[in-house]
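Chain lettering (A, B, C and D) follows the sequence in which the chains are written, and residue indices restart at 1 in each chain.
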């Protein structure tokens, strides 16, 4: 999709550099700001000041999350903080603005004529991100384990987007994968993929899981079901907080929990950035922006 | 799941015999009626009269669809027609009754104290049935084609339950599979499975599809997009009527359309029957029947 | 690969028509004979007399097997028998001749200056043919069974070319596949594909195989190991005679054996013909013919 | 397989600790020496002196390679060097001895009555090791790349044991994989797996490979074919020296080459050790040792 538009990228981590780089490679005009303290910035990208980036662009792209403190743009590579204030709001007037988790920005610009779009609360980007999340989990396993994934015995808890993609990836790599879910639709899908299904509350101690991957953002592990695991497995926590197991419980059962948030951006910034760029294209096309 | 219950199976095709046989094998007491004109009835099953089947059972199972004419139970293997009348309704009083597409029955029994359950309008049975549907489509292809599926070039139109399962099965058998869908969530799922995606309205004539599988129950093919196919492909019509292409259009473009309704029951009656039996177990468990 | 050569196709079944048709489509000049009693001959193919086909061609292609009686060319669609005699031998002088299982022809032409090539005794064509053989076995299963392949429990005996391709295909279709082999290299390959491995002489009766596929051309089944199977499975015999089980043994154990020879030519003549054509191209290139 | 034998493990890296641990877990008596300078030694293993290990064992297991300098046992975790001398040779008299690449040992013990077995020159161990090698390559890729494997474009050079397993693993993870081989049997196998096949000498510059995996232990890359690659890819060198590309050539074409020898032992010592233990069981069984 060739747009030949003017994009401004403001703040964010390595992913946003790859958003910018993909937009540029596709033939768009791109300026960026908020990357002055990193050397990883792509040499072809044009760095400008905040006001210049905004004034010379039709489309402004903020990172995901837009802010970590509700006051500043999330810009870890920026030497100077970028305030979310009236000045920014007025600069953005009449621009088409994109961001992920946009509520902090929304408050400030609601009185201005800003077309504000959240590229992160869409089903499609969450599906596409399941792939780098699952591969990131594989990377974690390969770093933690002294055994191959092929032949290992894994439990995937939850069979939504990430559970589906991860269970299939591990199986395709030769692992024996068991799935646990309480949702009867998800169970039907897991069954037709020929996964073994278990109920956490009746885990058989003959199932000796090498690792457990949790994708359910709820305290799904408790004393009862944890006591059924023998040996106590390593848990890779893929769900956002509170996650599936509390620190206290993990300590009580001497279970090692590896928190694994934000794997796409952390391990595969280029893939994650390109997914964001494609989603922005999609929004522009759908909304005729 | 051992229930040790009394089941009565009334009418239906070969599938219902396998529903009965699975229930019996699982340790339940089973009587059947409506199978007096077939020799395929399993030797271990007890055949009784309608009234005896009903009176000696706690759970009554009708076929899918319950009726084809709104007046009689769908019972192709019954020598005598089984009327859906007041007499049947009163016999069913206080029974737990199961059927697929139950509206004809519902009318009659609505004033009686009958616990009527539709086992066919559930997401899980539709997901489970996608497997025999997809394998049935593979059987059709193997009967129609003088080429192997491996190396063939297929288009799957629609990427819902059946589209997902079929596209993956054909790919797993070595085919090159392209997917077409207008639903952006479905497209995201097809992308992460690395299928090529096409828009029917911009089909490239360089894509020489050996066969097209339609899963969309809407007239998705029209003069415009059909004129883009070269050569004109064989269409396997998996969607329920009206299906994706009208007879007139198919004739105009000299396209062979193979209607393929009801593949699970037609080709895999044992698998289809066991799926029904498991779904009935599920309902009994969920509803505490 | 464009050769722009003159090919003559003499005798054979439907496969040879697809050999001819592929050669023609690739831009070569093709004449055929021995297909006067079939209507399935492709309309674009030029039919000539035996002498005309030979005289106007540089490359002569006989079928596989070249002969079934050592006296005539195997030509089931020919109204007239084609004798393998001195006359044929002298016609072939100075021609490049291809055939499958060529010994009957070899005897006759050994004193003539004929460049005789067997396209069927090569490792590559046998590997390529494993795919239509395995898919043909799948077609047989789908015709025989009232259950889907997904979820079925199969044993593949032998893990050579056909065993490897078949076991993988069945697994990719969702079956549970166990492999039996006595060759330690084959066992290592089966292990890394995560197949369960069994020794026929210690088959556990808890393994309830729905079907057994034999690919070993030796009497591998005997009273001892057959008595271990419970229930007695259906055997699909893919090995060439004598196959894995004698008629007497099958009768004694009341085991149904489905002989399945020559599946590529029988079920997928176009794929099988194109494999032959490509192999002939390969020989021409390798041998600079 | 329960042997209840006495094993002595002498020297080697982490793998040998897992050989020992597997033997012990299987119910054998195990003593080890040569691991006094590592803390990774499994707490259940009994550490003894060289002479005690040998005298109290029936089976002696040396590492792979047995020696790196032809003079000492390869024992990186030993505080003291273990000499391959007459003393060792005489201690081993009447023992069953195993090692990988045993020539240095063979020289010394040839006059003694030692039953010396090489567990590393067998087809089956090499097949089994292809899995940790391929997964190790995946680990390398995940460490090097900022893109997911899914969607990446890889070339696998050589389609022997490692090429076959690696190409399939990368494809199963969603990569687009092209295979290059000069062996016509390997090409047939790659074709039926539906890999794209290329000839290195006619690489099309439209194939933009993200990485190239070399498995051919011969200088297969040269000025001619390297000049065809655009962009210049990263090469993961899986072949043993000399490998596929010289340092000079890599420098000339500014190609980054990542040497990747011994991945099973390096990344997956437990899997690699268990493969060795199973192979030793196999030899004991085959040879009735």
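The criterion applied here is as follows: a contact is a pair of C-beta atoms (placed from the backbone, for glycine too) under 8 Å apart; a residue touches a chain by one contact, two chains touch by 3 or more.
Everything numeric here is computed off the predicted structure, so don't read it as measured data.
Asker: Starting from the defined contact criterion, work out which chains touch chain C and chain D both, please.
Answerer: A, B
Asker: Could the interface between the copies chain A and chain D be described as same, meaning over half of its residue numbers are common to both, or is it different?
Answerer: Same residues, largely: of all residue numbers at this interface, over half are found in both copies.
Asker: Please identify the chain with the largest separation between its CA centroid and the CA centroid of chain C.
Answerer: Using the mean of the C-alpha atoms as each chain's centre, the farthest one from chain C is A.
Asker: Which listed pair, A-C, A-D or C-D, shares over half of the residue-numbered contact pairs seen at B-C?
Answerer: A-D
Asker: Determine the centre-to-centre distance between chain B and chain D, using the mean Cα coordinates as centres, and give it in whole Å.
Answerer: Roughly 51 Å, centre to centre.
Asker: Hey, how far is the Cα centre of chain A from the one of chain B, in Å?
Answerer: Whole-Å distance between the two chain centres: 38.
Asker: Would you pick out the residues of chain D that each touch at least 2 other chains?
Answerer: Within chain D, residues 131, 150-151, 174, 192 contact more than one other chain.
Asker: How about chain A: which of its residues touch chain D in the complex?
Answerer: 14, 18, 131-132, 135, 138-139, 142-143, 145-151, 169, 172-174, 267-271
Asker: Using the touch rule from the top, collect the residues of chain D that touch chain C in their complex.
Answerer: For this pair, the touching residues of chain D are 123-125, 127-128, 130-131, 165, 184-185, 187-189, 191-192, 282, 286.
Asker: Would you pull the chain D residues touching chain B in the complex into a rising list?
Answerer: Counting only chain D, the residues touching chain B are 150-151, 174, 176, 192, 194.
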